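Two complexes follow with subunit A in common, the first pairing it with subunit B and the second with subunit C.
Right after this comes the complex of A and B.
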């Protein structure tokens, strides 16, 4: 019977990817448990995306726990859930605490150590298990844990779409030393400049951060009564990943992991003397080159050219028709496996929990959320506070303007005028509130503004008595309008896609006509 | 291999040195310019930026969700923009959610400092938090404060969890002692005035 490796590898990768997405939700869920808000929020959020995700997390966390707390059947087992949630902190491929055990990516540890020129014990403790695993099993992190190993092959399937559109499909291979050069340069910059920079371009770090910011923004918005999809979580890191994906699809499949990833470089360098290797039985090998073609790291297992760069993915072992290739441990494997098991079986941490409710997220607590914007104008500091912090269309909202000279701590007593504009695409504006004076009370200028619709607004403050520049602009968002530029980008993107499709169809037709003629 | 003349070698070495020096100047983390409030136990700002790996574990562990990862989107509401190297680092917006030094949850240590994998947040016992934490310092604006303007309030005095930091003056006026303040921001969060008469700013 053939025992294939790839299903197991994919299962591990899917688990890790699921954990990246799930852990931030668990963190938020445990926070709501601390605040004793989970039941209330589940009721209030209903079937919105945030509500469904919270409900899903709740169901998943309660697996195997009876719905019972301190003898009351039907009450959520809060203490047990909190203990359980404490086992999943962070993000597995970047830095996580799993069952009380600290696991930090080696690139992260190395960067931090280089930038501070020191090695603190917590950092070393988190790096022990990944380091041991790399020394024993080689670059397993890349092949089995890193989410890119799962996502990029999926995205590369788009190459067939490119072929269908008759667009050129390239297969460029870069020099594998690039990644070491990048790693070295970053290490030098970290050492001199004291700033870790690789986490900006390291895909596991980017994905971990994006997952966290997604959960944060989703739940923050739901707490303020906004239930739309939070597009705002998209950041520069995602754009970088998109560019990498584009290059993978159109120009050089597999270039990132094999030739450019700084993390891959570090893991490759560390697994130079690894114990687990792909071994070839020379008598069984029929020189079919299938393994060389299949290797995602662009290595040549057929001629035993694997070494430290092999990510132990097992593709070549699976693809070999004569089973000439196989993973082989050196003699010490039993002892090492025992060591690994010892490391992984860290004791679960139990807590005695004495939570008290705190006052966040209560609608009865009027101070939150409040918008507070600060700006400098001449000698003055202008603070604009708005209540509510996320105004709703058609409802009266209050804006308080406080103009103060911080040097002398005297408030500005002269006239302050306020105007409000609605922002439209292409820089157009529509005035919704004429310039007017506010009610002055205890050094504050108070204004009332009603925003007519869900849109982006700009509040303009004018201090006419002030010399020099006397105007300030504060951006405000009412409801969930998205950026006005989104419409423009959508239109432009759609138009470009249409052009590509039209051109592809034209080419196809011309080819078909040519073929017919030839026939 | 191509022969390299001495002049060429010196030229290249000088250029490399200049580039490295320039990068050292340019890439040095902008220390304390933005004046943000870091979680408890944070090491000094420049060191913090070097040490932190932006993993977000402290934010996950924070039971009050006071620790946010600094991005342009969440700083916008408070007119704060991440400076060079600030992106994705943990930050506290006391106005939004103040840190209560884990006084209401179980465990021996402040949870964020316990989970930090790099030592960017030094591990602190809950019992020593009041003495050792210096996240920022509260600043009182007497022009705005109700109690200093012949209206009695005193909310911040009651919100302050640190013994000695706030004393009650005549007419519920807060009499504030900076040396005890940990910068938790509970006073700012409790202040009933808009804009807040008491605000937490970074220590400089």
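Right after this comes the complex of A and C.
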């Protein structure tokens, strides 16, 4: 029985993609472990998306760890968990640290070397394994590890849907040299301008960055009591990926990896003298051209001088009916492969050195934001501070008012009253807190307010003893409105879908009528 | 070549029936009433409110300072042009408002009633004048005015009916027409492709701006143009427009315009509208749904929800344009078109064919369409059309008609309501629903409604929305039940079929519904509408000042007393038209004493509904916009 290559390849790719999605959560989880916040947050967040994700990560990290007696989570499991979490750091499959092994993406280290005109030892050390692997095995990163190699073929399946909807599908082939031109240009720009730019368009970098920003925004918002879907994490990079996907589907399938990816260009250039190659048995070839059709790199495996273009994906080997194409899989090759598959994860930490392009590992320890509003009233400066700054409906929040005359630096010592209104549409206001005095401590007036719902509020300060105008109004937002772009996208998308369906129905109808006429 | 310069096809010779003096009177009545209302507004604007001095010494002091009038302390903060009534909290126009001087400060009042309240305990009100207000409640009709109006209605209903209605046979003065398209430039405009294209471009751009404002603008409804322009200006102004322009809104409707252009870009599947839905029940359902979300969910106060409603309607229009032939959506499903369509039976314009000219025509171009224009988009047969209901005044028939038979006529109000048409159950239902829903609309703005809702919630333990839904259903059913009972009485008494009575007289209720609607809307329009001036300069609430008016708060156009006069006038006019149509309908159904028998229970219905209108106007109103 023939042993197919693609199931193994897909398994590796899925594992890598899963790690890209998972690592950001592990990073944030480890942050909470360090801060001893994890159990508290699990309790507070309950079954919100953030709570579920944190709980899932926790469960995953605990696999195989003995719980202490009677389920009390003590010091030792926390330590063990920390050690464990520290084994999975980073973002990119090769820009990560896994079990103490540092790996750096070749493109990233090359670009930062160009941009800084220096070679940083950390980056150079991290690049050793990827460099060796590429020299020996060729573009194996593209074929076996890069998540785009998994996602794009999936997305390209939409081509049949497009054809069903009677939309035009093209098969344009670009020149493979484009990617070298792009890489060279970027190297020049980096060298001259000191500006690393390729990470904006390098798809695996975009994907892992988005994964990290998703985790960051999700948990940051949860810390402020916001649990909705964080639409804000979509960036320009995602739009770029969407455009690439659109071109792949409608215009030029496979164009990105074969003809435009700067990372691919670098790997191709390095893999000219690789050892792992597809061996051809010319005598067995029956000229069925199945391999030509199947090759995702737009090569002709039987006849091409493939140079460094082949990504060793093994599709042609699988598809060949006469075994005219075959990998020679030596034991050393296999061992190297295994090492690479294990070497999944990030000296993203290393990237934080001297402003190199770093792929989004967010090490900052986010704090819940604090609201701080300032206003002049007569000779006084009034500062209103809120804790938390992003108050949650139904929870007690604290407002501190400090009234001070900056000219003489003397605090205002008379009565300060606070009222709170919910702003209702058309200017209606509903009083939610009657005028009252706060607790006064060292010139600081402290008030507690509970905002009942997600809405706009207005906090009114009244200084009755002050001559002339004596009220100040501070606007406050509790909760958040959704993005209006979602509405626009929903409507626009619906409209486009309707347009396409109606057009398809008309074309099919016309074709059926023509057929009937012919028959 | 500019189509406006192209020679007009010769207008068909119209039968030269002269309008008699009664006809001419009927033709000019709408404009007389319009002028009267404008005159009332002008007089009210020009009046100077009287001033009362709380302290007699004050008068002498102020007289000495006459050249330097005391500055008002109660101007709204940050905005110019308005003063706030210290009693009810309404913003008033300082020049025409009633005034009182107390402790050197001048206070302005919405009406003499608020001043009376102020004079009782001036110190208390004066002290509270600067405090922020949660909302304000507007006074309703004063009791005396309400009682007088009621007496007038009773006298009109049961004392004057015999003078009205003629014999119910001949068309009488209602057949008077004035063909505007006898004026060639107008005819050329209607025949050209630039109409209604150019006005539609304007309305569509405006529509998209309003949607953008609703979605992206400041979500404080008082600072966003979308809610005010949609609910206070457009939705209420639409009803005013129907009186004089008929279905003019449909002519320039941006929903249909955008959907039509989209369908032109990617032509329609031209499916026939489903047979089961070939009535206006879909539109009736949409109207109820809109009323429910409008009042129950309070979307009039949420800019983004306002944009959502506009987009949802646009989505429906576009989908229907892509799927169904002609403008099925306009004919069957559009609630705006069907509500204004029913009201347009009353309107003072119409598009009709000169039938004597059409009898020899074999082309059917007005139905089928030709190279010059489409066949009637709303499935009317213009050549035989007798009612305004489904005509969108799109002027396609002007373009297609090979012999220039179509004409745009001025006519007396309610002309279609005396035409012998075939009454339809769906239309009759919509007429009743319009009556109950506009009244319900008014009711929900009164404090008694809030109390009723709270009591219902306390008694049943329902949530706000379920309690609201239940009460809305009850108030929807109440007038329908009252009407059905009286129609049954009328049918039994005069021995006529119940269905015949119920369906025919439902149309006679339209003027009452329409004019109550107008009286209610006059309040929004005149009292809240002027705020549009400030919003036009800053439509998104982003702090723009495009025309330099952003910081100007326009006070209401009229004083409360002026508003009350206009409202009572509207209710009386509506009642009069309803009476008159009732009389004619009754005489068509039965002769002699039978007509009286069929009429009397219906008169009772009219009086009950007009009384309800007056009662609603008497209630104080929570205003949408205040305190800003």
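Everything below uses one rule, namely that the second predicted complex is superposed on the first by the 360 of 519 C-alpha atoms of A that agree within 3 Å, B and C clash if a C-alpha of one lies under 4 Å from a C-alpha of the other, contacts with A are read in each partner's own complex, and residues count from 1 in each chain.
The criterion applied here is as follows: a residue touches a chain if its C-beta (ideal position, glycine included) is under 8 Å from a C-beta of that chain, and two chains touch if they have at least 3 such contacts.
Everything quoted here is computed from the prediction, not taken from an experiment.
*Asks:* Given the touch rule stated above, what does A:421 touch, subunit B (first), subunit C (second), both, or neither?
*Replies:* Second partner only.
*Asks:* One more residue to check, A:460. First (subunit B), second (subunit C), both or neither?
*Replies:* Touch status of A:460: second partner only.
*Asks:* Just to be sure I read the superposition right, which of the two partners does A:3 touch: subunit B = first, subunit C = second, or both, or neither?
*Replies:* Neither partner.
*Asks:* Per the contact definition in the header, classify A:495: touching subunit B only (first), subunit C only (second), both, or neither.
*Replies:* Second partner only.
*Asks:* Looking at the overlay, does A:199 come into contact with subunit B only (first), subunit C only (second), both, or neither?
*Replies:* first
*Asks:* Who contacts more of subunit A, subunit B or subunit C?
*Replies:* On the superposition, B touches more of the residues of subunit A.
*Asks:* What is the contact status of A:102 with respect to subunit B (first) and subunit C (second): first, second, both, or neither?
*Replies:* First partner only, subunit B.
*Asks:* For A:515, decide between first (touching subunit B), second (touching subunit C), both and neither.
*Replies:* A:515: touches no partner chain.
*Asks:* Given the complex with subunit A, which residues does subunit C contribute to the contact?
*Replies:* Answer in residue numbers: 132-135, 215-216, 219-222, 227, 262, 266-269, 298, 300-302, 304, 307-308, 311, 314-315, 318-319, 322-323, 623-628.
*Asks:* Residue numbers of subunit A touching subunit C in their complex, please.
*Replies:* Residues in contact with subunit C: 421, 423-431, 456, 460, 471, 481, 484, 487-488, 491, 494-495, 498-499, 502-503, 505-506.
*Asks:* Taking the complex as given, what residues does subunit A use to touch subunit B?
*Replies:* Touch residues, subunit A against subunit B: 23-24, 26-28, 30-31, 34-35, 89-91, 94-97, 102, 104, 108-109, 111-112, 115-116, 120-123, 126, 188-190, 192-197, 199-200, 205, 208-209, 212-213, 216-217, 220, 232-233, 235, 351-356, 358, 360, 367-375, 383, 385, 387, 389, 398, 400, 402, 404, 409-411, 442-444, 475.
*Asks:* Touching residues of subunit B toward subunit A in the complex: what are they?
*Replies:* Within the complex, subunit B touches subunit A at residues 20, 23-24, 26-29, 46-47, 49-57, 59-65, 68-69, 71, 73-74, 76-79, 84-85, 87-88, 95-97, 100, 104-107, 115-120, 123, 141-144, 149, 189-192, 194-196.
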